[in-house]
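Below are structures written as structure tokens.
Both of the next two complexes hold chain A, though its partner changes from chain B to chain C.
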Partner chain A sequence: MMKRGILTTLVILAIFTPSALTAAPVNGALTLHGGMMPSLGGNLMSYEQGNTFGSTTGIDGINNSASGFDTSPVERLLGASAGITFKTTFYEYFHLRVGYNYFRSVYGGTGKTVYNDGAINRSLKCEYSMWGYDIPVTVGLTIPFWKDMKISFSTGLAYAYGVYTYKFKTDVPSEYEGEFKGWALPLVIHLEGEYFLTRQLALFTSLSYYNGSTNVLADRKQDDDAANKDYASIDFTGYRYNLGVSYYFKPI
Partner chain B sequence: MDMKKALPHTCIIFTAIILFITGSMTGAFAIGEFSIGINGGVTYDPNHLGPYIDYQNRQWKAGGGDVSQMDTPYAAVAGFSMRYQFNYFLFRIGFHYATPLQDIKGEGGGVKYTIDTYQASLPATIGLILPLRKRTYFFLGGGLTYHYAYMNIKADPGGETRFADAIAGYHFMVGAEVPVTDDITISSEWIHQEGRSIPIEDDKGSGTKYTINVKGDILLFGINYYISM
Partner chain C sequence: MTGNPSMKLSVRTAFILLAMLLFASPLMAERNIGVGLHLGGQHNTGNIDSFYQYAQADPQNSMFVGIAFKFSAPFAFLRTGVDNSFAINKGNVLEDQSISLSHTSEGLDTYQLSYTAIPVFAGLQFPLQDKGVFYLGGGIAYFLGTGEVKSAASGTAEDISATALAFGFISGMQLHLTRKISLYMEWEYLEGRSKPVAQTDTDPLNDMENFYVDYTGHRLQLGLMYFVL
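Showing the complex of A and B:
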């Protein structure tokens, strides 16, 4: 209920704030950007990983080795993102940002490990992946300095939607597949810098930090009656680095 | 609090105060400024209960039956700070208090859980200022924090456990500040803090031990007043 209340407030703010600012000295900018997200999804922990494979720390704890087994490390996910952001600056120092980012895992999450199945060790092939999108809304301060630079610092919340999937294949053989879909409202801290090539066009770079995760979600790939139905939350916590280009509607 | 913990905690507070006073005295020979501020904001997952809540929710869900999950909480934060700055340096001591906006409640396996928690913190910060115009700054810094963290877990049926302790930690912060008038500014900042207790015994006498982790991120907006000297 609280998350829905916050979401409703965000939507109302996003709709009405720009109209309330029309009397203020306002400029707008559109930014296209792409970037990377280290450790996408955090440790990707789920109930089944603890219950069946003995990992209480998800992808970190799934890595094991034993003599006679060919293993390769299962690394945390590296995500790539692309997005667009609209920024309104007003009264020189203040700004409101609304963005859209699409992201997906592009590296890591696959490998071979070993788990202990009762008295014997077994080989386990792992595949983790994640994709999603988010809509961050932040407010903050913009400070122009020298003639051609702006640094902005803002904080707020994002609506973040994610889909996390995994596949575990043992040498029994048996397969475990899981898919979790959900949304959350992570806190967002955003620091960005712009270097103006012309009075309206700027190179853009940013560092964002998200902190938040969904509730525990039920696995969507299993029937409700399945004995091995799994449960996990989707963690959006982490850093995001972006590079891009900004276009200001009015010359700075 | 036993002596083993009281000693480092006392040292941290003492060091923070000495640093602040020394910084202020040193600054008397420079062109320095004093300011005081009040601030408010929000944090997610105070006292890092998220992993505990997540674990409990997963166990309930896997156990089947009706489950009402506990939410990892957002918390309101309020506090104040005193700052002395000269040239490119700042020294700051502050206080902030964080408590969830709503009770943390959940039910699974026929057991109702209610968690009550709060955190009070005294951060002492040394930082660098990037002055851009008069009263217009970016700043970043770090320092030591003295926390008091509390959590009470009530299970019905089942009883109550309570853990509370003082915790020494550290923090980093980055922020920006712009003028509203000649003497008043508004600021926005992010504080990332780390710290954990040693295993604390349940105050209620169950014998259970728990380690409180104060790791977290705090977003703060502030109003600051510069005192003319």
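Showing the complex of A and C:
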């Protein structure tokens, strides 16, 4: 008897909910996306890189070459990201976005270089990496173009958490390891476009710009050969390009 | 329909013709393959701030001429081409603040860079009826640059050449002028640096090559595209 009652309620809800939703001026969409982040973490500068290896511009300045040394360039990190975003649109033209993105470095950050240790040059092997996640919250405007597409622009903030690590190995031999963990609230500017394949399913693309970094953080690894504790901040500033698929809960 | 073979043949032919018409005309209207010629500009070519963050510099400005090839489906595109840059002015390091900040001088006086870039971008595009199209894509570019750097200490100029792989995005808009010709405007951003190619450091103990070419930057371009299909 109770089962029948529940079933009847569910059937009634199933019949009336869509029409009620259609009538409402609010729609929701879920987007799954993946993308790329050029120059993840910026130049990854830390105090030790300047103090010991003579680079005042982090990963950029660590690159040197000299005769008699086998070197390979240490490139800035390229990040890959995967994420999910929930978007609520109000009266078709206004929206609020909340997302979650996981990212990590997938290219660059490793190589061999040379540094000047007093009067002699020494070989230096470098490994940089970074991973993290962020939760952007933005509000903005949407312009629908017929039933074919929407172009949206929004701004806001993100809670961004990152872990930046490096390892330097010299031919002395000595090892320097650093690990920095921290969070920041970078500003976010977001442009996105959706191309509708059906009235509920759309192809998605976006370009975001984040601007912000953590406070200066202390190195969490103390088991290396560095004489001093290292300090660095994690930079979330940069562009992010994404591609994905959006599903709208109600037909547009 | 009792299976008259000649009738079956004519129905099949009609279907094929209809399919050809259906596919061929949208292909023509949607401008699937385009060849463009554009003129562009870049400020701070060589992105000297990344190498020389303590200096006061008058950065190099460049213009470039490029050919673009754009392959479009209704909602996706692939954009490639070749860009050739020319310096408008030399980059000039006016004040080497690194000395006053107790850093070793990077020792750069002037620099000049020109490059050839081969970018490949892919992404989504948004046709706006038959008036134009907006597109946004990510991609990669190969840079081959040549130039000259002049050391502040020696006063001698050194020729350089540097290659690099860069990553970034493109955002653009096309305005259809005729059925075959569109005006297009694009914004490209690419991040990429070469390996060290010259020694500029004034410290006699540092006999290392330290100067790298930074191709990172924003590029804006305007051109005309002719659609061959």
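Quick note on the criterion: the second predicted complex is superposed on the first by the 222 of 252 C-alpha atoms of A that agree within 3 Å, B and C clash if a C-alpha of one lies under 4 Å from a C-alpha of the other, contacts with A are read in each partner's own complex, and residues count from 1 in each chain.
In this text, a contact is a pair of C-beta atoms (placed from the backbone, for glycine too) under 8 Å apart; a residue touches a chain by one contact, two chains touch by 3 or more.
Note that the structure is predicted; figures quoted are calculated from it, not measured.
Q: Looking at the superposed three-chain arrangement on chain A, would you call chain B and chain C a clash or a fit?
A: Pair status: fit.
Q: Should A:Leu191 be classified as contacting the first partner (chain B), the second (chain C), both, or neither?
A: both
Q: Once chain A of both complexes is superposed, is A:Pro38 in touch with chain B (first), chain C (second), both, or neither?
A: So A:Pro38 only meets chain C here.
Q: Classify the contacts of A:Leu203 with the two partner chains as first (chain B alone), second (chain C alone), both, or neither.
A: second
Q: Pick one for A:Asn51: touches chain B only (first), chain C only (second), both, or neither.
A: A:Asn51 sits against chain B, while chain C stays out of touch.
Q: Quick check on the superposed pair: does A:Asn121 touch chain B, chain C, both, or neither? Answer first, second, both or neither.
A: After superposition on chain A, A:Asn121 lies in contact with chain C alone.
Q: Just checking: does A:Phe145 make contact with chain B only, chain C only, both, or neither of them? Give me first, second, both or neither.
A: both
Q: Give one of first, second, both or neither to describe whether A:Pro73 is in contact with chain B, with chain C, with both, or with none.
A: second
Q: Quick one: smallest Cα-Cα gap between chain B and chain C in the superposed arrangement, Å?
A: It comes out at 6 Å between the closest C-alpha atoms.
Q: Considering each complex separately, which residues of chain A are in contact with chain B in the first and with chain C in the second?
A: 145, 151, 191
Q: Which chain A residues qualify as touching chain B in the complex?
A: 2-3, 6, 45-47, 51, 93-94, 140-141, 143-145, 151, 153-155, 186-187, 189, 191, 209, 211-213, 215-216, 218, 229, 231-233
Q: Along chain C, where are the residues that touch chain A in the complex?
A: Answer in residue numbers: 50-51, 53-54, 75-76, 98, 103-104, 123-124, 126-128, 134, 136-138, 165-169, 171, 189-196, 203, 205-210, 212, 214, 216.
Q: If we count contacts the way the header does, which residues on chain A are in touch with chain C in the complex?
A: 35-36, 38-39, 43, 54, 56-57, 60-61, 63-66, 71-73, 75-76, 78, 114, 116, 118-119, 121, 145, 148-149, 151, 191, 193, 195, 203-207, 239, 241, 243
Q: In the complex formed with chain A, which residues of chain B make contact?
A: The touching residues are 41-45, 50, 54, 57-59, 61-62, 69, 71-72, 74, 101-102, 132-133, 136, 138, 174-178, 186-188, 190, 216-217, 219, 221.
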